[in-house]
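This is the structure, below, for whatever I ask next.
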Amino acid sequence: MVGRFQPIHNGHIQAIKQILSETMELVVVVGSAQLSHTLENPLTAGERVYMLHEAISSEGLDLSRTFIITIPDIQFNSVWPAHVRSYAPPFDVVYTSNPLVTTLFEEVGVKVRHPTMYDREECSGTNIRRLMLAGDSRWTKLVPASVAAVLEELQVTQRLRSISKSYEHSNFQPRN
Amino acid sequence: MVGRFQPIHNGHIQAIKQILSETMELVVVVGSAQLSHTLENPLTAGERVYMLHEAISSEGLDLSRTFIITIPDIQFNSVWPAHVRSYAPPFDVVYTSNPLVTTLFEEVGVKVRHPTMYDREECSGTNIRRLMLAGDSRWTKLVPASVAAVLEELQVTQRLRSISKSYEHSNFQPRN
Amino acid sequence: MVGRFQPIHNGHIQAIKQILSETMELVVVVGSAQLSHTLENPLTAGERVYMLHEAISSEGLDLSRTFIITIPDIQFNSVWPAHVRSYAPPFDVVYTSNPLVTTLFEEVGVKVRHPTMYDREECSGTNIRRLMLAGDSRWTKLVPASVAAVLEELQVTQRLRSISKSYEHSNFQPRN
Amino acid sequence: MVGRFQPIHNGHIQAIKQILSETMELVVVVGSAQLSHTLENPLTAGERVYMLHEAISSEGLDLSRTFIITIPDIQFNSVWPAHVRSYAPPFDVVYTSNPLVTTLFEEVGVKVRHPTMYDREECSGTNIRRLMLAGDSRWTKLVPASVAAVLEELQVTQRLRSISKSYEHSNFQPRN
Amino acid sequence: MVGRFQPIHNGHIQAIKQILSETMELVVVVGSAQLSHTLENPLTAGERVYMLHEAISSEGLDLSRTFIITIPDIQFNSVWPAHVRSYAPPFDVVYTSNPLVTTLFEEVGVKVRHPTMYDREECSGTNIRRLMLAGDSRWTKLVPASVAAVLEELQVTQRLRSISKSYEHSNFQPRN
Amino acid sequence: MVGRFQPIHNGHIQAIKQILSETMELVVVVGSAQLSHTLENPLTAGERVYMLHEAISSEGLDLSRTFIITIPDIQFNSVWPAHVRSYAPPFDVVYTSNPLVTTLFEEVGVKVRHPTMYDREECSGTNIRRLMLAGDSRWTKLVPASVAAVLEELQVTQRLRSISKSYEHSNFQPRN
């Protein structure tokens, strides 16, 4: 299962539960590992691993059947499936609802399944980050309680605000 | 001669013919080699080399006087002409209608010529990809028949559609 | 002090003077060193070093207390402060008005100060590049005379025009 | 705790047990993640994660208190601790017996502890890979039984032999 | 067919002839494209493409059935076959006598064949470069006449000598 | 003038004096900027800039005519002169005694001069680092007093010792 997990939310948890019911072992692939401290990607790879671990553990899911892997982006779309293959434990099936990820893996002969859909409009990283930035606490209903706790411990709302102010700013930014 | 060739079209063929009539040998430089599976850059470097080779061969042009070279992007605009120099057989003149390419090569003392213009509005990669995505078969008139055959063999229309759907999608994408 | 310096202007000079009055030594960090020949970043790293050196020297500021450092971008925001640390002479305080730079350095325990503000609306790289492109000579009032002389010597207005024309152009560009 | 784990052996297991007895949570950092299919680094990052997971699980150690992280090498030694920081969940202490790792982390103010020593001469990745290549089954005594099973499943002995033959070979090698 | 071609020699030509007799089309992959101006890799990627083109053409082989592709090294051995796949026109079989290349492609399900062996001791890039450096003209017997002419035109013997002197030199070298 | 400056020594100072007597301005290029914390390259780029600045200043040389530039290595020897060009202020002549640097710049049409030779056997970075590691204080005679002071302030002898111990160590090293 592939995602950026900025942050992990209830839709992801539902998909993880479904996959663990259908397979022996689950590899959660945290993509764009190099990105952090942007409006789209506030959390570091390590913070996302920590949050995922806490979520899986607090939801009573089986850590012994779950792997969490981080993968930095590469320049080559066509090489990306091989990149995932080299960072992940051996796997047979990719779960994704993304058509491009589907195409890339199918072009190299990997089987792809689509997890059952949840309400993407509301329960999405984009919406959660928007609510956090607006100071609207309804985002806490869209993620497990353990994740809300981690995001508060890491002061992610404050981080999003300082990033947001930087984007209005004409000066240098370390990464746009 | 420098281009991305996503895909090669009749305007490129016309320029290739002109250059082969004016010079001994032609180096076709396929830029942005690392990009593929995006709306702007659907084809891999290898697919573009294959398509160019088929086009040059089927148009009866002289393969013994033509080199096809692929070059991945680099971070440094100012270093780019040296990068082309290291990947390409020795060359004396650059053919381009792009003002920045002109500036970069002239700044390091390389002679630049401008190929005769064709109708850029209609015969452009952008327009061809737009027509393919819209299911409008008029794109097949803008490329050589051999290129239309390669693009159908590689199922590029289907690939463009799956990429297009991914762009509407809120989930992870391996490369935007 | 961190910036892209495309180009250095009177606001930067004012900040440099302030910092040199408050500290023993100043490290001027030229960020995005790899970028040049774009509308946002017309000058190479080396051209910016040359321009900064001329400006500091002609303003009668103390070169023996000033270091000029160039730093290419890296993929990792969270690693960026360590990257600056490895390229710069030892430093104790970062001067920046950018909230993200502030956050990144404070997260790793580095003290941050904010230079006194100048009129950012008018005196900004963006405005100066816009005026140069428009052929409006008022930009020469926003930079030291020595900088205006360097920019004319390097023919930056002409370079901006050729880049600008390339952006309207449907063909290949070495870097977007 | 930092290592390459090519492969994990009884010395590593002893150190993991010690650290888990002294701390709340353990982050196992798999370095040189990009290296595989060399005599020094036969296993991919994903294979190493799989092997570590199996070892920790079969030794009855607590997966809910253990994180496994993979980190590709970077060019900059001085930036390496920040790189580890960005990929790993938050940590307070580094366990290492390597003097350079000690120096790098201490220079940026991170506390370092040294795990109790085991017999490095015999129980080392170098010795295990040497025995595997020589067809000497004594290597199976130096690793947990679960690790020996994984290495046989992955056919690592055969892979080492084909790499070894390539090194004697005058022809091209994808990576030395 | 994969190689570094530093330079192309009679053994390569024999293998090319064999492959063209067994297959419809041949892709010649020039590896380590980024390397040049070292004792092991004197020629740039572009110079190697030029030399290969001249050799294939002067040997009367069929350029319309032959592709010449350059590929820079990547950090990941395990990702290398996907990298070749993205740069090369579609292919079904890999010809190599290298055991690691064999293993890497077979692990991802690509068929590998071994070209008939020639005398590797004498006819090898290593031996040819050694003879050139020693001023021993017998190297000209190990390559096609067209290749000897290209190497003289490019003054490769002189380049090898200046590289060799640099290696004895205690000072800075741009790349070892 | 190009070097790694690990560390700067009396031979470098002599060459700097010679060049400043022959030219208007001097650009000191600090190569391999990314390397530090190795036996061959103990100092970071920033530490080398600091040391060079102190040396030039304390020797009474003219900082207003001197630029100090740091350049990370790139993969491509043949592109390296263009890389130097993009990081350095405009220059007309390269001073080097290295035959490969000479060849690379001459191949792209840049004039090269050779500084007068000093005793390379004794006065070399290699010898100085060897003496430091051996605890032999004679190294302090081979560098300006200001440089000896900087190296002691930065505790470089201790750093070399911890690196040296790591090299004897069978465990993981962040970078060899």
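By letter and in written order, the chains are A, B, C, D, E and F; residue numbering begins at 1 in each of them.
Note that contacts are C-beta pairs under 8 Å (C-beta built on N, C-alpha and C of every residue); 3 or more make two chains touch, one makes a residue touch a chain.
None of these values were measured; they are calculated from a predicted model.
Chemist: Spell out the chains that contact chain A while also contacting chain F.
Modeler: Chains in contact with chain A as well as chain F: B, C, D, E.
Chemist: Among all the other chains, which ones are in touch with both chain B and chain C?
Modeler: Neighbours common to chain B and chain C are A, F.
Chemist: Validating interface symmetry: for the copies chain D and chain F, is the fraction of residue numbers used by both over half? Same or different.
Modeler: Chain D vs chain F: different; shared/all numbers falls short of half.
Chemist: Report the inter-centroid distance (CA atoms only) between chain C and chain E in whole Å.
Modeler: Whole-Å distance between the two chain centres: 44.
Chemist: Roughly how far is chain C from chain F, centre to centre by C-alpha average, rounded to an integer in Å?
Modeler: 26
Chemist: Could you please state the distance in Å, as a whole number, between where the Cα atoms of chain A are centred and where those of chain C are centred?
Modeler: For chain A versus chain C, the centre distance works out to 35 Å.
Chemist: Could you list which residues of chain F touch at least two other chains?
Modeler: Each of 36, 44, 72-73, 76, 78, 85-86 in chain F touches at least two other chains.
Chemist: Judged by the touch rule stated earlier, which pairs of chains are there in contact?
Modeler: According to the stated criterion, the contacting chain pairs are A-B, A-C, A-D, A-E, B-C, B-E, B-F, C-D, C-F, D-E, D-F, E-F.
Chemist: In their complex, what parts of chain C are in touch with chain A?
Modeler: On the chain C side, the touching residues are 2-4, 31-32, 73-78, 80, 96-104, 120, 124-126.
Chemist: Spell out the residues on chain A that touch chain E in their complex, using ranges where they run on.
Modeler: Listed in rising order, the residues of chain A that touch chain E are 76, 78-79, 81-83, 85-86, 108-109.
Chemist: List the residues on chain E that touch chain B in their complex, please.
Modeler: Those in contact with chain B are residues 33, 36, 44-47, 49-50, 53, 57, 63-64, 67-70, 72, 85-90.
Chemist: Hey, which residues of chain E end up touching chain F in the complex?
Modeler: Listed in rising order, the residues of chain E that touch chain F are 34-38, 44, 72-73, 159, 162-163, 165-166, 169-175.
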